[in-house]
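What follows is a group of structures, each given as structure tokens.
Two complexes follow with chain A in common, the first pairing it with chain B and the second with chain C.
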Partner chain A sequence: MKKNIISREQMEEVHPQIPKAYDQFTQGRISRREFIRMATLLGMSASLAVACGGGEEPAAEPAAAPDTGGEEAAAPTGGIKRGGTWTGSMNLQLLDHPARLSWVEGANIVRQIGEYLTETGPDNITRPYLLEKWEASADVKTWDLFLRKGIKFNNGDELTADDVLFTFGEWLNPDVGSSMLGLLSYLKGMESVEKVDDYHIRLHLETANIGVPEHLFHYPAIVLHRDFEGDIIKQPVGTGAFTLEEYAEGERAVFKRREDYWRMGEDGKPLPYLDELIYVSTDKDAGVAALQSGQVDTLYDPRPSDFQALKDVPGLVVRPVSTAQCLVLRMRVDLEPWDDNRVRTALKMCQDRPKILQLAYFGEGDLSIDAHMAPVHPAYCEKDIPKYDPEGAKALLEEYAAEKGIELPLKVTLATKNDQAEPEIAQALKEQAAAGGFDISLDITDPAGYWDRWTEVDLGITSWTHRPLATMVLPLAYIEEAIGAWNETRWFDDEFTTLLREAEATLDVEARRAIMCKLEDIMQERGPIGNAFWKSIWNITHERFQNVKAHPTAYDLLYDVWIDE
Partner chain B sequence: MARFLIRSIISTIVTMLLVSMALFFLLEVGSGDITVKILGVFSTPEQRASYRSQLGLDAPAWQRYVDWLAGNDWRVKSRVGYPLVTIPNKESGEAEWWADVEGQPTRWKLEEGQLLALKRQGDGSTTEQIVSGDWQTDESGAEFFWGVDTKNNAVKWMRGEGAEVWVLTKAGLRKEGDGPQTYIPLRKGLLRGDAGESLQFGRPVSATLWSRVRNTAVLAGVAFIIVMPLALFLGIIAGINEGKLLDRIISIGGLGATATPEFVTGIFLILIFGIWLKWLPAVAIFTSANAIFENPLLLALPVMTLTAVELGYIARMTRASMVEVMDSAYIRTAIIKGMPYRRVVVRHAIRNALMAPITIIMLHVNWLIGGLVVVEVIFGYPGLGKYIYDAAIFGDFNAVEAAAMVTVTIAIATRLIGDLAYTLLNPRIRYA
Partner chain C sequence: MAIAQPTAGVRPSRWQQMWKSVAIIFESRVATVGLAMVLFWLLIGFISLVWTPHEPNASDFIQNLPPNGTNWLGTDHLGRDITSRLMQGTQVILLKTRLPGDSEISIPGGVAIWGVIGSLVLGVTLGLNAGYRGGWWDQIIMQILDALIAFPRIVLYLVVIAALGQGDMVVILAITITGAPGVARLARSLAMDIKTRDYIRAAETRGESVRYIMFREILPNARGPLLVDAMLRVGYAIFAIGTLGFLGIGLPPPDPDWGNMVNEARRNIFSNQTAVIWPSLAIATLVIGLNLFADGLREELTRYQK
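Now for the complex of A and B:
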């Protein structure tokens, strides 16, 4: 493996911030992951960034394989075999306009025929994909996207800025109804999207945002052909490695290998290695049996119970991945008794986190602080995991009770849904909080019943999905503007909001981490949520498949998967 | 015989009508708000109401039933003022509704207060044309227009007061101005071969139902062909060996198999043959539409499960019937007369002993067709039972009704076959 040496001048050429970040990295102040993310964010190609960072950690990915690297397992040299069929079990629903996707299963279908401008890898680093690179201005308000040249759609047309502009037009057109519209709220319609030349698009942001590359990998953000009419099944045109042969909702989806795909495999011929992909629509239980008997090779997003059933089956490889998915214990701060921070703090102290993780999720996750920032977020600021402290909680509650003239235990109702691990968390908390002076009664309904009232209950457990950056989730739920939308706790804090806005415009990871430290402190100290753990998810695939990646949002990335019988 | 057939056909039609009505009103009462299932729990009551009216669910139940049965284009035609026709879409082949304006298929849409006529050209494309002069005036002086919109509804627009409607997209709902005041989803009705659109999949029911019917027919057919001769044979053997060891083995074995519910049998078979020994496919994974023909082994475990449940029951019925016949005076006479035992059994006993099992068997064909739900769900088998189950859970009215009509037809057809089989077995029974 050759080792690239990149000079400071070369770094400087790309962006003046990069050498500074490199210093931080060599001094050990930021991790290699953060350095690569920042360098690519500033416009350095991922291969160069990896090369810069690779020198410090010899066990890094091959520098010669740009953009496909990132998985920690080093690819075996040579020995790649071509051919074969990959079969997966996944629910298949109605599918039409990719920009309108609202479920990851559908995105996994479209992902095989179409591609994104960027890609957030399993390591949570975002790299250019259909883009060659991107560049952000120092104020993070102007973004230059440079399209890779020579990429062809499966109908023979070349991918140019016109296709990208058409796709942005679909996202920003309210008539299409894409969830990209809300994500790209910093663009003021198509007048903010400028075509500089055939391979260069410039975005003019109304407000600074560092999340643009991540947003371009939001699952509906497939790049469409300029003549797309609104139904991907009728018009399966894309730049992806496979072509769609058949799609029958509720039954199956069949893909065939494309001969003229733009990315090259390690053997110097175009990817993909596999000849055929088949998704079969089954119930989860039937999918587990099919995986055990070898009828399918993998199962979409296994539940914890599926993980338990499959983890010891010979021939299957379980690849866990940490995520920012969580089950948040949230309190309505506009209602008694949760309007008093002492009560909120007391309940947070009553979480015996390792026990909750063990009981609810078989220990498969990472313990969390009481803030909605996860260790997988690049700018996460390391904090100690709070200890279980029922005595401390009781002292706080006694103070509160004396003031209010009420008797302990404090009677409260905890609402949640019977879905993933919520009932187990609720039950564990009920027992752990009894020692702290709470008397919790449980109100557990089916998922639909809880989603009917999730923003309304005074104490509840709500599931939140993974987002690659903390700055993508916090504005959804913890600012004043989000009350009435997704701010389920009604909590907001002026200092918190100001710092959050600052973080959203801060490119420098180290500087952003400093802000995150404060944000995490505020949330822990007076915030509205308890959070015991971050869920892990698993990719469970037959051992003969190589190069399989477990993605924190259960995306199937199959273009370079191959079979070793 | 002819009169008997005619009477059967009439009773079939009456039964289907009654079943369809009963189902319609049961779903009406029982399935809750379908719009919540389609729009998701994050939708607002306002959005749900708007979507209900777009599905035509704000019409009274009896009217929706008549529309489902007989269609509504004949009823709506006078409002639009032109004949309504269906033309297959060039790409999908699915029928689209158009108004036939002097030989020119036309639809309309309202955009920013402008009424636009979309005229279909010979090659399937459309041209737009502003037709502001077509507004009509009602008694109160308000201007209105009845037309066909682009989503196969007859709709009424009011000039200057485009209703705000919530339109469902995969990313959620969005609000649209210029919406019509009234929607009538156009349909031909079941009597004219249109089973309507599946609310779950957004495609015509007929496009998804038939492959499921075929899969179930294959599964049930194979199970039937295996179970029936085997069960009758074992029952007869047990019957003529009453009280002997062979009879005990067959009777107790059959009882055990029947007493075990199919979900237990099915799961044990999956664990043993599918996962442990890996001899047979554990579940029915259809990697192509014709997977059961390409790899008939997929049927093995579902058929074994059905066999286990059915076999014992029918064998025991046959045995009881056989024992009774073997005890009767004419059999004793035949034996005393010196007739060979084999001839007594084959010529005289079996025919009479089969009367009861035939009834059971014919009733069980219905069970096989309609009641395969459990087996199909365990094995993930894409058949009619699972189709009905999924549709009923979703409240997909059109799909449930269409599937139910298929099962009713099968039920009545098998009863007819059973009746005919009686006359062949017992010449004393004749249908006038």
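Now for the complex of A and C:
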């Protein structure tokens, strides 16, 4: 490990918690990734945090990025080449207000012309982006956001705190209907957002929350121009590296490179390296065929079957990435028989996790415990993967059945949608749970049919997307306040909620991990979900494209991609 | 001069009469080929009731295997034996219908068969009433049926299944509702023709009830064309089950039906092409067999009438 380049005093000047985290890192109690994340969270620049973390890369951890833009990636080898066109296959939806985005596809369009205050990279570390840095108070209730100077929108106006305040105003305006409103529930309207000067914004949180930087990279959180009127297609103004030339819903989108973008490339000239981006709207099957035949260069968020079809195609490079995306087996704890923890536990025990992962995802993912915390989450507490135990499950069910005076097998209906790998998980579980005393009927509908009732079914499989922090997802689905919204199981637990609130306000990684250990135990012991695996996702792109990054939320990060024919 | 004497008093036995009726099929080469194809799948279905090479729903093998010595038609995306699933898929179409509810009880006759029987019962009842009674009966019944016919068939399926959920009985109901208007039109036209015959006049003069005349006088004389039409409709019903399965709104998994098998295999078509081909081929051969059988039968019946 290289010698530290700044002193403890300098670290302490940035934030008093950083030296402590540094000690934990040097003692091997937290990983390098966790140290970098925590140091950047507390306001240290990413480049300094990387330098403090030492130059030697632990094998399992990707390199962190320079400070100038955020995303991590190994520096491109060889000479950068400019020019060329990138063509992607992706469903192009109706777009209007970026704050109202509900799908990543739309965000991938908007992120080419607009940008975020922060960026959570493929390594799940969040760094400043349009921000130069942020600073959090010791109680994590006051956040100072410092904007970079000299950033210009594509209409020539400079980015200032007024634009950021306008954007916060849109997020916090219930009439706009942004999902940011719920995410930023710790802000009491615009009175919690203070403009200190033209490049300095201060957030006053009602309750402590360590997730502010990650929230600012939630996909609808594009920073808008202060004169934005509500339709990004009619008014494609942003600070991004491309300009929108054409957008036809369901057909295609065309972007051209901007000459005066603020970030510089390796060759000292403004990014991006590519001249043009074209998205072609196709369904997934047509996209696979187009990629195989070379008509497009990449395919948005390939399904496991697409991965199988494309992984051995010459000329394509597959980049896998672990995620916190999962397909949760969720049980309504306010309804029989799931109100009895023995039944819930029995069904969890009936998951043959390696087999489910193999059948549903061709083994491409990470096995999981029955909790909604993923190994990619900072402060994840390592636990043993539960074994398939149909005998144990049957013993629990027999006890339950004797008490209720019913006969086994216990007949239940499992609802889900025929979308990603849900039918495969459902069919595998039906077979595996038969040995445990369950007789599962399957109710598999099209995605819209399931989303209409996803919070209402007794037993279901629901897909949950990646979130960089466990503390971002747990309050959405496992607290009392979320009943009626996204708490699809109606499960809440006083001890769990108290610990969760504690975790949300705990900066120290080790201390937070200790809390996470307890939270994971509670979810496993009496929680409402089974979770066999965390999905891997893949970026599959033609080999001539260099510096391509696979992001766990399938974001297209294309500003520093270049072509080497 | 010797004159051939009629063999008065020597009636053919019941078996001889039955064979005479069946033998008409073998007069037509087309009908014979069609019958052979249908019997092949019936035989496969009956065999599957007692034996399949492997457990159809068990994921016992490597996924997406091509045809091999163990799995004659390969395996699907969940590592299940396609041969066994294809064999069991015949049952739900031709041989048995699962009753709704928690019971495991099935009734003889597949979903396609019961769907066509439902269409026949409903369509014939409405068609005979419209054709024989005429007047307002005819107007009202045919207006309603015309409105149903004007609806796109897939939309009708979707409406029925969205309202009632999945299951064998719901698919039967969907096939019944979509098939009945066509049967009713045919039954009406036959009834309008037959009601002008003298024996109907005679029945009316005898004071027989309307129901008696419709079902005891007209229906037996209309059964030939109706039966041929029903054969064709079994083919349509199999297509309907296949279509519903392909849309993911057919019979609930994991028990196989051919449409669902096509739908599931389609998702992996780029890595396992053969898994799509086998159930598609099964649907095609059974439907073609039924159509050939019906066409040949119609041809022979028409010739017999002339």
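Before moving on, here are some points about what is shown:
In this section, the second predicted complex is superposed on the first by the 540 of 565 C-alpha atoms of A that agree within 3 Å, B and C clash if a C-alpha of one lies under 4 Å from a C-alpha of the other, contacts with A are read in each partner's own complex, and residues count from 1 in each chain.
One rule holds for everything that comes next: contacts are C-beta pairs under 8 Å (C-beta built on N, C-alpha and C of every residue); 3 or more make two chains touch, one makes a residue touch a chain.
Keep in mind it's a predicted model, so treat the numbers as computed, not measured.
Overlay on chain A: chain B and chain C fit together in the combined arrangement. Contacts of A:Glu431 after superposition on the shared chain: chain C is touched, whereas chain B is not. Once the two complexes are overlaid on the shared chain, A:Val254 sits against chain B while remaining clear of chain C. In the superposed model, A:Gln292 makes contact with both chain B and chain C. Residue contacts after overlaying the shared chain place A:Lys81 against neither chain B nor chain C. Legend: residue contacts after superposition of the two complexes on their common chain; A:Thr445 is shown touching chain C, with no touch to chain B.
Legend: residue contacts after superposition of the two complexes on their common chain; A:Val176 is shown touching chain B, with no touch to chain C.
If you count the residues of chain A touched by chain B and by chain C, you find the higher number for B. Closest C-alpha contact of chain B with chain C, superposed model: 5 Å. Comparing the two interfaces of chain A, the one with chain B and the one with chain C have residues 289, 292 in common. The touching residues of chain A, when paired with chain B in their complex, are 87, 89, 93-94, 96-97, 99-102, 106, 174-179, 181, 220, 234, 246, 248-252, 254, 278, 280, 282-283, 286-287, 289-290, 292-296, 447-448, 451-452. By the touch criterion stated above, chain A contacts chain C in their complex at residues 285, 288-289, 292, 303, 305-306, 308-310, 355, 358-359, 362, 411, 418, 423-424, 426-428, 430-431, 441-446, 449.
Only residues 36, 40-42, 91-92, 167, 169-174, 176, 200-203, 208, 211, 270, 274-275, 278, 281-289, 377-380, 382, 390 of chain B touch chain A when the two sit together in their complex. Within the complex formed with chain A, the chain C residues making contact are 57-59, 63-64, 77-79, 102, 162, 165-166, 247-249, 252-254, 264, 266-271.
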